[in-house]
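Next come two complexes built around chain A: one with chain B, the other with chain C.
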Partner chain A sequence: MSNSYDADKETFMGVPRNKIPWWPTIDYEKCNFCMECDKFCPHNVYERTEDENRKLIVKNQYNCVVFCRACAKACAPDALTFPDKREITKLIKDLRSEKKEG
Partner chain B sequence: MAEENICVLPCNGLDKSLGVIAREVALKLIEKAPEFNLICPVLLNSGDKTYEELLQKSKIIVINGCITRCSTKLIEQRGLKPFKQIMIPNLSKKYNVKPSKTLNLDDENVKLAVIIADDIIKNLENAEQIEDKTATRDFQEQEYFDITVDKYYFTVPKKGYFFNENDCWIKPQGKTALLGITDYLQNAASDILFVDFPDIGKDIGQFDDVGSFESSKTVLQLISPGSGRIIAVNKDLEPHPEYMNQDPYNKGWFVEIELDNFEEDRELLMNGPEYFEYMKNKAIEEKEHLDKLRSEKDV
Partner chain C sequence: MEDVENKKIGFIMCVCTGKCPGFAKMDVWDFINRVRIELPVEYGFIHPQLCEEDGDRFLDDFLRPGRKYLIGACAPNMQYKMFRDAFKKAGLDIKKDLIPLDIREMTTDQAVELVEKALEHMEQEDKKDE
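What follows is the complex of A and B.
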């Protein structure tokens, strides 16, 4: 089962997916391009490139499942970080109440 | 220890330093428990018959250095199932030990290998003591919504459960609650083979990662619908991970928590009818997406 749909139409908890900044950030100082995260992620979040310094990039950020951090578990050099979960939860709550009031 | 045979199969370990740690853990295990049988992954993979009979009658502990899980695959290819799977990347994070940059292990890495080997032995001993004593929870009959999409059959309990959009459920019962995965997620995972629990006593927030489970296809996380403290884990899942597939809302429960503030958690959760609608749409959309891909291929 894959989840790569049109990000503009996708919502998460009633909020447009593209208003939620949840996806991994690669620390290129730490990343050794072992590609374990890319091999793992079933949602095509990553893309391999020809660029020697950035052989892997976050390509489809909105494909990333909000609150999923499973790829970081596969990362031996600990090069992947995600946003603060509490801040994202608060943002979602705020956007939801805006929607109700508006 | 037990009269049963125990086999230890590490990965070959020459691809990355986490693999060398996997190999080191196996060596430390044999040092501490000489009755264990060490299996050489290269010899096993060569098609040689040396281990055939031994593996058939043993409990097999596989130790993987990375998510490719070569040693697990070596066992599964033979139609066998590992008794326990050790994932070195998870443990290196748990104990906060960085793998060395080269294939030569540093002192910290060797220490980590000793800790992991000790943990494995301790767990085996504990498992013997608590066997058959795990509290069984009574689950009353309940009513379900259900739908078949493509070849998948999905159910959702009508009452008593709340859900997040990560396809995990919480069933509050007074001050405590059980947590688990939905029928949708178990279908997506297919046959679940391993579970990885959090420590008892750990505090978790809503949408935190509570633990992971693994199928032959993928590794998935249980993302918590609620906040609180872990007070129990479903030990029955270790010998019977298939409960998560067969009965995800009852026997397949994952952990139990003492609730922190369910009123607040509830704001971002769906009830049974809401989740059923959400899940139904997701399953149908996925089917349409797959149909589209298939038809594009045919053109």
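What follows is the complex of A and C.
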């Protein structure tokens, strides 16, 4: 991942990235730890661990590109979910309005 | 009837919303301008996120049978997965008609060189077929 990326300073659609709860959730009941998601994602969103039950975790949630779901498309056991896009879009709009009003 | 046979390949760059750190090393505008002006492509343009719903709708409108498309974006195996339905719908064979290039984590020069090499390779392959 590029060193120039700083999730604390990045914005998405005019809103600070770290105010937007968009990242994958791993369903450990389904995940077979094939690591295809981690192999695809170049942003260090995931981290491999020594924990036998959780060999993969979401480590850097704000590195996830908002509205990118490509890793979920790579997931054969369908173990990754993302928030509802419409809800996140609404949240972004609301946060932008608050910023304007404030 | 349009002469698609003599048309060069179309180049689409997908920048994963434009906020993807994978493109932080390059100047995307310098890149696309060099590709569309200096390289032998029919056109070149940037789409913000081809793998999202509006990207699917765009491809539905845009892809045409008899054409080849070079997409500079993320991993080729993912491009095959993500664009499979759109290519099929357009009557295209994704294995032949899509040339996927992973241009993430590259500088502008590196990405242009990769596209250039892919175009040269295609030209050589076309000559073999003639």
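We take it that the second predicted complex is superposed on the first by the 98 of 102 C-alpha atoms of A that agree within 3 Å, B and C clash if a C-alpha of one lies under 4 Å from a C-alpha of the other, contacts with A are read in each partner's own complex, and residues count from 1 in each chain.
Here is the rule we use: a contact is a pair of C-beta atoms (placed from the backbone, for glycine too) under 8 Å apart; a residue touches a chain by one contact, two chains touch by 3 or more.
Here the structure is a predicted model, which means the values were calculated and not measured.
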Clash or fit (per the criteria above) of chain B with chain C on chain A: clash
Touched partner set for A:34, first chain B, second chain C, both or neither: first
Contacts of A:48 with chain B and chain C, given as first, second, both or neither: neither
Touching partner for A:99 - first (chain B), second (chain C), both, neither: neither
Superposition-derived comparison: chain B or chain C, residues of chain A touched: B
Touched partner set for A:74, first chain B, second chain C, both or neither: both
Contacts of A:63 with chain B and chain C, given as first, second, both or neither: second
Chain B versus chain C as contact partner of A:12, first or second or both or neither: both
Which of chain B and chain C A:86 touches, first, second, both or neither: first
Identified clashing stretch of chain B versus chain C [78-86, 96-104, 114-122 or 258-266]: 78-86
Footprint overlap on chain A, comparing chain B with chain C: 1-2, 4-5, 12, 40, 42, 65-70, 73-74
Interfacial residue positions of chain A with respect to chain C in the complex: 1-2, 4-5, 10, 12, 17, 40, 42-43, 63, 65-70, 73-74
Chain A contact footprint on chain B (complex, rising order): 16, 18, 66-68, 89-90, 92-93, 98-99, 165-166, 187-188, 205-209, 212, 218-221, 223, 267-268, 285-286, 289-290
Of all residues in chain C, those that touch chain A in their complex: 16-17, 19-22, 24-25, 49, 51-52, 74-75, 77-78, 81-82, 104-105
Residues of chain A defined as touching chain B within the complex: 1-5, 12-13, 34, 36, 39-40, 42, 65-70, 73-78, 85-86, 88-89, 92-93
